[in-house]
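Dropping the structures in below, format is structure tokens.
The two complexes that follow have chain A in common; it is paired with chain B in the first and with chain C in the second.
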Partner chain A sequence: MSYVFVSGYVLFALAFGVLPTLYALWMSLTGSQGGFAGLDNFVRAWQDFRFLPAVGHVAAFVGVWLVSLLVLVTLLALIVHAIGRRWLSSSVRFVYYIPGALAGASSVVLWLFVLDPTVSPVSAVLRAFGFETFVQTVSPGNLPVVFAIIAFWTGAGGWIVVMYGALNSIPVEVLEAARIDGAGAVRTALHIQLPMLRKWISYMAIMSLAAGTQLFVEPRVLSQASHAVVPVDYSLNQLAYLFAFKQSDLNGSAAIAVMLLVVSLGLSAFFVVRGGLFERD
Partner chain B sequence: MTTQHPRAVATRPRQLLTATAVAGSLLAVAACSGGSTGPSDSATDGASSSPYGFETVTQDPTSAITIWVDASREPAAEAFQKAYPDVPVKVETYDGGANGSGSFQTKVEAFNQAGSGWPDVVFSTQNNDAAWASQGTDPFAAPLDKGYFDQSWLDGFTPGALAPVTVDGTVYGLRNDLAPAVTWYDKSLMDQFGYTVPTTWEEYQALGEKVATEHPGYIVGDIGDPWAPEVYFWGAKAPMNTVTGVDQFSADATDPNTVAMAKVLDALVPSGAIAQESVFSPEFVQKYTGKVLMLPGPVWYSGALFENADSLNAAPGTIAAGLPLAWDGQDAATGNVGGGTWFVSRHSANLDAAKKFLEFVTSDARYQVDLAPGLPAYQSMGQQWLAKQAESKFFVDGFADDVTKAAGEVWDGWGYPKFSQEAVWAKTMTPEIAAGKTIESLLATWEKALKNEAQANGYKVS
Partner chain C sequence: MSATRRRRRRELTPGAWLGRATIVLVAVFFVVFFVIPIVWLLIASGKSPHDLITTGPFQPGTLADLAANWSSLVTFQDGIVFRWLGNSAYYSVAALAITLVTTIPAGYALALGDFRGRKTLLTTTLVVMLIPNTALVLPIFLELSAVHLIGKPLAAILPFSFFPFGVYLTYIYFSTSVPRDLLDAARIDGCGEFAVFRRVAMPLATPVVALVGFFSFVANWNNYFLPFLTVPGKGSPIQVGLTELLSNVPAFNPTAAGVTSIELPTLAVATLLAVTPVLLIFLFSQRFLVAGLTAGGTKE
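So, the complex of A and B:
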């Protein structure tokens, strides 16, 4: 019976996960006319003048975003969980979740207005940071933070709900025992809740890492809206896209994808080990 | 980035294993790239197989043609539908490839991979698209002067208008409009301030400096758009976009003309005499309506900015299109800012309908004279359009003559490479200028960025 339950997942994982990966791997090692190409595609992609800057951009974005996501989501979930009133807690969770209901591109479009000091509802904040024009707001140095804020806004709500669920799974007796021992909210969070959330935080980190290294929609839409001031080759995925569809270099594109996969898998392995995701109770 | 909403999974630790597996497979998806079924059979120019000079697919006169236009060209498609209600068309809007977004090319490449789905007719705002659309194992653009269109009809285009869409002597596209840069100015403001209209870049700089002190807040130009280099550097005969043959590219930021233009701009940008907002931004309209003393820019600013209630909305009889500026003692030259182009797909199953459509949108007065916002590229339409503008008296001071003259002064030292030099300017220069750096100090960076882009697109760079 259990095989029937997992069969749907396995089928989709093969069709949309494993097979495309193997195909990309195969393409990255062959030339455009077929035939083994060794590491030529990797070298070409690596030597492309846009490659290293794109790596830097994605790394900066993922760094800023992952840290703020992990810290703030955990913090907010703890706070929401600590709210005693049921209706308040659930409505706060609902409000957090709303932005996540918007599809990727449309939420970026909404941010175009927020980021433009002329029309932004928070123009005072932008001006306080010294941004008088849209171009200044989206200048290259600000982009990792801008993208991180957008991604946080769209994604954090869902994670807060998940973390809230995880907090609920902590047995009441444990929390009660802590209370009897005289632990306040902060001590309970630090010594009981956080350690018991460790696996969930790792899980969030892995999922977000997968999403974050694929940065594409945000720079793509911002690029069109900013009349190309935000480069079309900002992220690695954009570069892979340009390789495939602007330079007709599908093999080079596959090479970029494979490199991205290797890095993501490496980082995920780190979180899996550190987070104890494979440990069994 | 694809947003992956965390699922509300059950909270039993055992299922974490499944969750980890999900995470792993999502990472795997991250790495998958567009699939390919290998290159589709290449379209060799077998002149014998078709009277049009390219291999056509089986024609079906009843099949609807898919037409891609940008928002500004929707009226063209609508006018055609009104004029020919019996020709089945499907109109789709896209961004027109504006500012070098590359959407036309990337979509076509995706269709090439899929082996189907191509639109029949495409409008593009970029006049360098023929460079890629005519090349490759499966080129998109149909050659138009090998029997598809009558040569006598093609000859009706303004001389030189088809140069950007001509590759290796074959015409692959039709120009929608001509877009030479002119020196727009507000005659009423000029009179009011007691200024004379400059004819050289030196006078232009002097006037800009005067405006900055005497009338701060008024502007003599704008460099906030990706086509700023086409207006200023192309017009200054700065060799920053030289294409020789089909695969040689060069750019020279140390050329005296390049440096001189950078100095002119550096003298005027910091004081605000040249604005940094995009002319299509709300900021620009908010800050400069009624305050545009001068604005070197393409002819299509006429309908896009001045005679547009949503933009500068100038009063009739105030705005003039001055002649392009010259360096002191030299002949004037000007740049070219786009000017849309129409392409036909080789894969079209209804070439007759496509031809009818193209003839209509380029050379029928019901669109080009009655509705078009810019100077038509088809000569007879251009004359009628200019006559209509003169009649309306919206623009003053010899508008038709100046525009006609400017159209003949486009400097031939700039080419039409496969990549967008506009996008290169926008990403390397615009944010730096906004941060207060001088253009002269950025010239070397710009040259390097252009050369890098050229190299990535397969050009030999010198």
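So, the complex of A and C:
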């Protein structure tokens, strides 16, 4: 009987989870005329002159983003948790969370304005850094930071809420005991709250690492807006897109997609099996 | 309680006071950081292109300019913006309906049923749920183009309907708040399996149906990469439409200067329009959200 209940979901899981994965894998291993191609597609993608730079770009972005996300989210969650008045704490949390509504292309379009010194609400800040035009703001050297700020703006609030929930699960008695022993807020955070948050922090790190490798909409929109000052082949997903749509090389595109999928799948499976954060009864 | 607190506050040493001030400063800084772009967007929508550049960023615009921006947006390509919004609504709601019909029973069976393959299905759901949804976009595109669905509404609706996070939320909900005994009691009273689900489980499931519905709608509405590939052109949802508008903004794209060009404030109005539905839902369902985000992990 249970089979009837799960059947619809299983059908979708097969059609839009398992099947596309297998199909992409199959395409990545065959030539454009059909026939087994071995690792040719992977080698061709790998040796493409744009591939390694794209890996470098994504790595730089993920590095900046991960560090700032981990440090700031943890800090802000601790601060929000330390606010004594309930209404204030929940309002601050909510304000941090609002930009989460603007995921997708709309948040990037909004940030185009913020990054353009001629119209930006923070043009003074941009000018202080020496940026007088939009093109200067998004010059290639700044991009990892720019993308990290956009991603932080939309995504951090959700994580702050999650961390706040995790902080709430620490028993009050433990914190009380620390206070009686004379520990201040900083020592309590370092010696009690942070160790108890460890699982959640690593969860955030792994999920963000997986999501970061997928960078697409930010460089795509910025590239469109900056006349390709931000390159059209900045990230790996953009490159896969170019392979499929500009070079009609579906097999090479599948090879890149498979490589990215393996990274995500590996991180996710590792965490589900080893993380122990999710109920699997 | 409040008396001791007051006394402690009076005894603050300069160092502790400085620490507190720093914390307040950091909290306030980030409130400003998260809010300013949104406030600015509201203001910019009501300015003329000229005022946007020449007046201060927080100097309010006028209703007349807002109306002018609005009319230049709705006349762009004969009101294509409504078509984009309509597409977004159609894809999001249709996928939401399919998601609910498939995920609620599945989560129910995973939580309270007992069948072979249950553990495998649960683990697979978790693993897929934690994969960023963009990772499957190209493979799904390749699959859909092999079956010639690209460009049809189904090419967005069907992939949107696969929502493992919803199954996980339902699973958590049923396994923590509906006791098996309750179902057994109904069975003893002669209820068949469908009747148990319909008469006992469903009436209890309202909160999780709302939760799954919310997250599914937001994810569908905000999705860019998938519809960008699978429903290009006239089938675009508003997220893809926004970038189409962007390529007609001379300020960003000098070659686009022509009869159909879009000014910056018009783009701001369009952005506002694109985020309003989700923003409204956010404002009205704050409690849901927090519950859903923290439901992710219950095991400590």
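Everything below uses one rule, namely that the second predicted complex is superposed on the first by the 241 of 281 C-alpha atoms of A that agree within 3 Å, B and C clash if a C-alpha of one lies under 4 Å from a C-alpha of the other, contacts with A are read in each partner's own complex, and residues count from 1 in each chain.
Going forward, a residue touches a chain if its C-beta (ideal position, glycine included) is under 8 Å from a C-beta of that chain, and two chains touch if they have at least 3 such contacts.
Owing to the predicted nature of the structure, the values given are computational and were not obtained by experimental measurement.
Colleague: Between chain B (first) and chain C (second), which, if any, makes contact with A:99: first, second, both or neither?
Modeller: So A:99 only meets chain C here.
Colleague: Counting only touches as set out at the top, which of chain B and chain C does A:122 meet: first, second, both, neither?
Modeller: The answer is second: A:122 touches chain C but not chain B.
Colleague: Which chain makes contact with more of the residues of chain A, chain B or else chain C?
Modeller: C
Colleague: Please indicate which partner A:207 is in contact with in the superposed arrangement: first for chain B, second for chain C, both, or neither.
Modeller: After superposing on A, A:207 lies in contact with both chain B and chain C.
Colleague: Touch check for A:76: first (chain B), second (chain C), both, or neither?
Modeller: In the superposition, A:76 touches chain C alone.
Colleague: Give one of first, second, both or neither to describe whether A:155 is in contact with chain B, with chain C, with both, or with none.
Modeller: Touch status of A:155: first partner only.
Colleague: Considering only touches as defined above, state whether A:110 meets chain B (first), chain C (second), both or neither.
Modeller: second
Colleague: When the two structures are overlaid on chain A, which partner does A:254 contact: first (chain B), second (chain C), both, or neither?
Modeller: In the superposition, A:254 touches chain B and chain C alike.
Colleague: Based on the superposed arrangement, let me know which partner A:21 touches: chain B (first), chain C (second), both, or neither?
Modeller: It touches chain B and chain C both.
Colleague: State whether A:228 touches chain B only (first), chain C only (second), both chains, or neither.
Modeller: After superposition on chain A, A:228 lies in contact with chain B alone.
Colleague: After overlaying the two complexes on chain A, where does the chain B footprint on chain A coincide with the chain C footprint?
Modeller: 9, 13, 16-17, 20-21, 23-24, 27, 100, 103-104, 116, 118-119, 134, 158, 161-162, 165-166, 169, 199, 203, 207, 210-211, 213-214, 216-217, 224, 226-227, 237, 240-241, 244, 250, 253-254, 257-258, 260-261, 264-265, 268, 272, 277-278, 280-281
Colleague: In their shared complex, at which residues does chain A touch chain C?
Modeller: So the residues of chain A touching chain C come out as 1-6, 8-13, 15-17, 19-21, 23-24, 27, 72, 75-76, 79-80, 82-83, 92-106, 109-114, 116, 118-123, 134, 153, 157-158, 161-162, 165-166, 169, 184-186, 199-200, 203, 207, 210-211, 213-214, 216-217, 220-221, 224-227, 237, 240-241, 244, 250, 253-254, 256-258, 260-261, 264-265, 267-269, 271-272, 276-281.
Colleague: Any idea which chain C residues touch chain A in the complex?
Modeller: 16, 19, 23, 26-27, 30-31, 33-41, 44, 52-53, 57-58, 98, 101-103, 105-106, 108-110, 113-115, 118-119, 121-128, 130-132, 134-136, 138-143, 146, 158-159, 161-162, 164, 167-168, 171-172, 175, 193, 197, 218, 221-225, 229, 239-240, 242-243, 246-247, 249, 251-254, 264, 267-268, 271, 274-275, 278-279, 281-282, 286, 289-290, 293-294, 296-300
Colleague: Which residues of chain B touch chain A in their complex?
Modeller: For this pair, the touching residues of chain B are 1-9, 11-14, 16-36, 95, 98-102, 105-107, 109-110, 112-113, 136, 224-226, 276-278, 280-283, 286, 420, 422-423, 426-427, 430-431, 434-435, 452, 455-458.
Colleague: Any idea which chain A residues touch chain B in the complex?
Modeller: 9, 13, 16-18, 20-21, 23-24, 27, 48-50, 100, 103-104, 116, 118-119, 133-136, 138-140, 151, 154-155, 158-159, 161-162, 165-166, 168-169, 199, 203-204, 206-207, 209-218, 223-224, 226-232, 237, 240-242, 244-248, 250, 253-254, 257-258, 260-261, 264-265, 268, 272, 277-278, 280-281
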